[in-house]
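See the structures that follow.
Note that subunit A is present in both complexes that follow, paired respectively with subunit B and with subunit C.
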Partner chain A sequence: MAEYTLKVRRYQPESGEGAYWEEFKVELDPSLSVLDGLLQAKDRDDGSLSVRCSCRAAICGSCGMKINGQSGLGCKTQVGEALEMAERKASVSPSADGGTPPIVIEPMGNMPVIKDLITDMESTHWTKIRRVTPWLLPHGEAPEREYVVEPESMIDITQSMACIQCGACVSSCLSMEADPEFIGPAALAKAYRFVGDPRDAETKERLHDLAHDPHGIYDCTHCFSCIDACPKGVAPMDQIMRLRRKAGEEGIDDDPNNGHSHEEAFVKIIEKKGTLDEALLVQESYAPGVKGKLKPSMGAIKGLIESLPTVLRAIKTGKARSAHKVIPGLHPKLPGGAQDEVKAIYKHAEEHREEFNIYIAGEDEDFVEPEPDEPTDETLAAEAAAAAESEAS
Partner chain B sequence: MPTHDVLVIGAGLAGQRAALAAAEEGVSVGIVSKVHPVRSHSNAAQGGINAALNPGDSWESHAFDTIKGSDYLSDQDAVEIMCREAPEEILHLEHLGVTFHRNEEGKLGTRAFGGASAARTYYVADITGQAIMHVLYEQLMKYSERVARYEEWFCTALALDDDGECCGVVTRNIADGSMQLFQAKSVILANGGNGQVWKPTTNALICTGDGIAQAYRAGAKLMDMEMIQYHPTTLAGKGFLITEGARGEGAHLLNKNGERFMERYAPNKMELASRDVVSRAEQTEINEGRGFDDGTVALDITVVPKKRVHEALREIVLVGKDFAGVDITKEPIHIKPGNHYTMGGIKTDVDGRTDIPGLYAAGEVACVSVHGGNRLGANSLLDTLIFGRRSGADAAARAKRTEGSRPSKAVLEAEQATIDAISAREKGSGRRVSEIKFDLGTVMDAKVAVFRDEAGITEALEKVRQLKEEAKTAYIDDKGSVFNQDLLGALELGYMLDNAECTCLAALERKESRGAQYRTDFPERNDEEWLKHIDLQLSDDGPEISYSEVTITQWEPQERTY
Partner chain C sequence: MSEQIKVAYWPGCVSRGFTTELHGSMAIAAQKLDIELVELDRANCCGAGVIAEHNQELADTLNARTFALAQQTGLSMMNICSTCQGAQSECQQRLDADSSYRAHINEVLSGQGLAYEKGKDGFTNKNFLWLLVEDYGLDRLAEKVTRPLSGLRVGPFYGCYVVRPKERLGYDEFPERDLYLEKVIETLGGEVVEYDGARKCCGFPVITMNRDTSLRQAGTHVGDALDAGADCLVTPCPLCHLNLDMQQPEAAKVVNRDLGLAVLHLPQLVSLALGASPKELGMSKHIASTKWVEERLAAVPA
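Coming up: the complex of A and B.
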């Protein structure tokens, strides 16, 4: 048993007052959850403290909230861990009295607050879910028995099926903060559940739709917040990247965000130069290849003109003073053999393309222990050093 | 007044399946749920769903296992229907998009489960309930023009017309606190079991026996209320569930001396005997001093290959890590029997009809009875779907041939008055609702659990009745309209107390041991006197007990060994 202070962002809509902070002292075992703490406060001190909850076991997805600024589930965050997190934050910016910091609890972000920790998920989360046509669209009559499909395909989409619709990823999404119309991590992960399903007959239509929506798959900025926030290992951003890859494979390269060309350009530039030629990236994103430059589309011209202010700002602030930062193509390659090593990495990645799926690999990398007869990191490092030495000689 | 041909209360698997089945008949359907549908407790069903679909398996074998598992208290006509219709239902779900596990040929694959003579459990990793429920919700979204969803609306009571037929319900819109009368030609209760009456329980906080109490208060018969399942593998203290799938995959149960003690209790089926048998074995080990100091025995999953654990038991890896601090791939996890499932409930026929015309029940809230004294693992999802579908279809058929009547405003006013009275109680006028809930759960887990006797059950019953009195003056803090969870908690407490009283009465009445009801003062099964259901009905003088026959078609009761 230990005492914890829960500092809760409260809002009572009928009081006529704005949101305010309230601290609750609770006493519980460190292995119990933040939700257990909130329920204790509700049971003992104030029954009006409102939080959606049901299963207490990270299955129902009701208790999405922000704990010390991090989106997640109240029931899945141990109160002891939450305190450690609060202490780490406090050590960066200590409070005036220097005492034990409170565990800070707020409603989820990117959603209107209804009362205390209860948010309006209908107008945000569920509306976006419905946006992706979230049901299977098979063609023709169903077979007499089951659809026969690759066993791996079911395991592949089970990762998206593991989503409990808690909204933690939506709460944490930085792209959605900038563009509230972004379809978002949860809905796009749901979309992959159908795109990856061999029984669905409208894969191409779905991909086309999600790529051509300016708030679709190319609106994600790859920030990893949703992967961090997801309590179920769904890794929504990974699902978005799978959607992009599949869209690319389907030849969908004309999305309005120039997302596909941007990705292609990025990959090519790094393969060629090792580090990013930002000026070339801008040009290639809008007007890819020779064809793009000979016959630039209206969109490309518009996009390039629209990026001029950004370029000027970069020059002004000193971010882009040298010629190779401004003129496409001047950016140098990595020196020596370094560029060859980058190419070797590319080759390896292409030859060993592996999807990361928790239902196959286990959820933590450290989870899979090397077998005794397998080389350990140390022996591998020693081998690598020896190889480098012999190469140098 | 919102008016539908068919109104479903509860949006777990039974409710969603019923709504979809009714909508298929072309009638207007509404579905009311106190939580968003995907928050429903069907989510928690991890292991899978049974069906005799493999070549070489038969529905008769599935039915026999179910009946034997029920300790011969299930109604065999109902079991036959469930097991015959199971394969078609699995295929239907597969066609809708459930991502069932596949074998190497890409066809549906199965796992082994307790009490079953064949591997006939279909599954999605260990999120089967969640996967099926989310797919059904996809269908509800798809057919939103045919099924109106009232998400986060709390049903408080049923409305009967002058002829005693069910014609609607009273609800509270949780978002703004407004009270609303709904009219319907058929009402289907699908609002789940009553696990929260016990503490701890594997059940979610929403499982407060609302529907059982609402039907009971309206005069419907309840049946088999003494039959409460204790699941063999739950985490001590918190009550979290470790799926039977773990034992299905080969995990062992060990006492503190490292013995696989099931050898002594069920030498043939070992860990995969029926749940009542395994729970009693564990409790005996613990009571006789062969458990660990924390009142548990151990479940050893390390014997299951790691790859298989990640593929098929991932949720359990997370539960172990997050809620017990144990890596189940490396060490055994401590478990004990814990409250899990309500076999009893509202008495229905095989089409979900209760003895109140127009009122149906399906899923855990109902008692058809297919589970009798003990439910087999992976039969609960099946029960919800088969009888959800049948209820939906029959409720739609009834709606087509009846006029329907307008529910009286008096019911609404009575409910409003009850709520106003609760809100009016001053702080300190009585006990806090949460305290009464705690006392209730504690006494039920102590006295009406794996082992029972007359003195213990009587003590529990007296306590429940005392708590009922205390609940009349219990106060709440929240006086507002928007999301007043405090108030809903007070209403739920009332339902829980009714459930508890009925369970105590039935447990006291059944003077034998059968299935989940093990009376240490009557340790034998007694078919002569007790091969019958105990029914409970609310009369003017309080609860009234009567009996009904167990339907036997082709399986005469035998001695039950595993």
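Coming up: the complex of A and C.
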């Protein structure tokens, strides 16, 4: 048993007051959960302390919250572990007082708070989930009994099927923080669950819809927050990247965010140059190829005009004074035949396009940590014995 | 006498593109710290996650090639870009997970006399920040400081790719990797500024896709750091630098407030404390003026 201080962000709408912090002292085994701590405080100190919970075993997805700023489940975070995290943060914090720091608990982010740790998941979670048509859209007549699919063809979507709708990823999403209209990690992971389903017949329509929504797949800023927040290993950001890949494979290349043209431009530049030609990337992201230049979209013209002041400032300070940094295409390729090696890699990889998912495949069982360099007593003894033996023979 | 550190050095694309001051200041920092850099000039772009988004096998093979080039030198690898770190670690995790997948990737490399071998000679790939704390050591760094950054209030800005996902980036072994900037700032004699954005996203990956979302992120973090009293930010990621510094005047328009906060590259901050001049560190090339930082340092006797 150990004592912990839980510093909880509280809000009671009926009081008419704003949100405030309150500390609770709880006593429990370090292996018990932050949720256990909160329930103890509710039981012993203040019955009005509000938190949603049910299974207490990371199955129901009810107790999403932020613990020391990290979104996750209260029932899946041990108090001992949460204290270690708080202590690490306090060790570099100029405002820490040197004592044992509290475990800081807040309601989930990117959602309105109803009371204490209870958030309104309707407006930013469920509405967005419904936005992606989260049900199967098969064509043709329904079979008499169940749909029959090869088990292998379903493996691909098991990762996104593991979602328990807790909202921790939504809480942590840094794109949504800047753009509340972003469809978001949970809903997009759910979208992949149907895009990847062999029974669904509207894959292309789904991808077109998600690519053409300016707050869709090309609004994710690739920050990995949702991957760390997810208690079930769904890795929503990885699913968003797979949606982008599939959209590209389906030839959806005219999205309003220039997402696909940015990707295409990047990939082609590295094939030709090996390292990034930044000027060419900007140009080709907005106005790809001959078509993009002869018939640039309004968005492309706007984008290029908006980037002009930045380029001019960079020329002024000397950041981009050499010709190859401002004139697209002048960037040098890799030296001494290295560019041909890169091209050979492209040829090989574009033929195979293999996708290796650790979540599904797992890691080699033979993995052993590399031995430390320092010889141990045992290895020294073994060496001595071997030396003695060879001498004797 | 501590052992001299010698690394296979991958500078990345942006440090030789729009942030050449980073490439130059890393050379200065290395010389002052007595770290030998063997530059991988035949290596290719890490793909920044974008190539992986297009074709995962392509990204994995391109980065396996870089690792193989580094392994040819018999040295471990160092990078100076959070994004390179993240993109390369992602590929390395897949390559290391499965021997048959690794063999498949090595097929094409073998034609070029290259192979990526898992764990060969204890191979690691570390950002300069990680290397500085884990291999060089903060005590040794402290001994090298000739001009402590006394009174300089520095806000750390990590870049997503060196803080998440924790499981992939070695946090099991090094749980304090997301606190190293604070430790380095303190070691150099500066003051750490706490503000909301230190571990958030700069917004750069969507600058051409959703300019408003992107610049709102950059502008918010710079604004928060200013409100917390920062004299400057420091970042180990040149892509963050592009959004926080190069785009700062544009970000100011989006968040509708005055900004104007110097953003230093990590090797610049280190080199300043080791006695280098702002001029040789290319600080005049920055878009957000670094004058205030120079004045603050000049006001404090070395």
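Assume the second predicted complex is superposed on the first by the 293 of 393 C-alpha atoms of A that agree within 3 Å, B and C clash if a C-alpha of one lies under 4 Å from a C-alpha of the other, contacts with A are read in each partner's own complex, and residues count from 1 in each chain.
The criterion applied here is as follows: a residue touches a chain if its C-beta (ideal position, glycine included) is under 8 Å from a C-beta of that chain, and two chains touch if they have at least 3 such contacts.
Note that the structure is predicted; figures quoted are calculated from it, not measured.
Applying the stated contact rule after C-alpha superposition, one finds that A:221 touches subunit C and leaves subunit B untouched. In the superposition on chain A, contact is made by A:258 with subunit C only, not with subunit B.
Of the two partner chains, subunit C is the only one that A:350 touches; subunit B does not reach it.
In the superposed pair of complexes, A:282 makes contact with subunit C only, with no contact to subunit B.
Shared-chain residue A:330: touches no atom of subunit B or subunit C. In the superposition on chain A, A:59 makes contact with subunit B only, while subunit C stays out of contact range.
Once chain A of one complex is fitted onto chain A of the other, the partner contacts of A:2 are absent, as it touches neither subunit B nor subunit C. The contact surfaces that subunit B and subunit C form on subunit A in the two complexes overlap at residues 358, 361-363, 367. Residue ranges on subunit C touching subunit A, taken from their complex, read 13-14, 16-21, 41-42, 44-45, 47-58, 60-62, 65, 86, 93-94, 96-99, 101, 104, 107-109, 111-112, 119, 122, 160-161, 163-166, 175-176, 179, 182-183, 186, 191-192, 194, 200-201, 203, 205-206, 208-214, 216-217, 220, 246-247, 249-250, 284-287. Residues 88-89, 91-95, 174-175, 177-179, 182, 214-215, 218-225, 227-228, 235, 241, 244-245, 248, 257-259, 262-264, 266-267, 270, 274-276, 278, 282, 285-286, 303, 306, 309-310, 313-314, 317-320, 325, 334-336, 338, 341-342, 344-346, 348-350, 352-356, 358, 361-364, 366-367, 370, 373 of subunit A are the ones that touch subunit C when the two sit in their complex. Those residues of subunit B lying in contact with subunit A across their complex are 35-36, 38-41, 43-44, 91, 94-97, 99-109, 124-125, 127, 130-131, 134-135, 138-139, 141-142, 151, 175, 204-206, 238, 240-241, 306, 310-311, 314-315, 317-319, 322-323, 325, 329, 432-435, 476-486, 489. Note for the complex: subunit A touches subunit B at residues 12-14, 31, 42-44, 46-48, 50, 52-62, 76, 78, 114-115, 118, 121-122, 129-130, 134-136, 138, 142-143, 145-151, 154-155, 157-158, 161-165, 193-194, 197, 199-200, 232-233, 358-363, 367-368.
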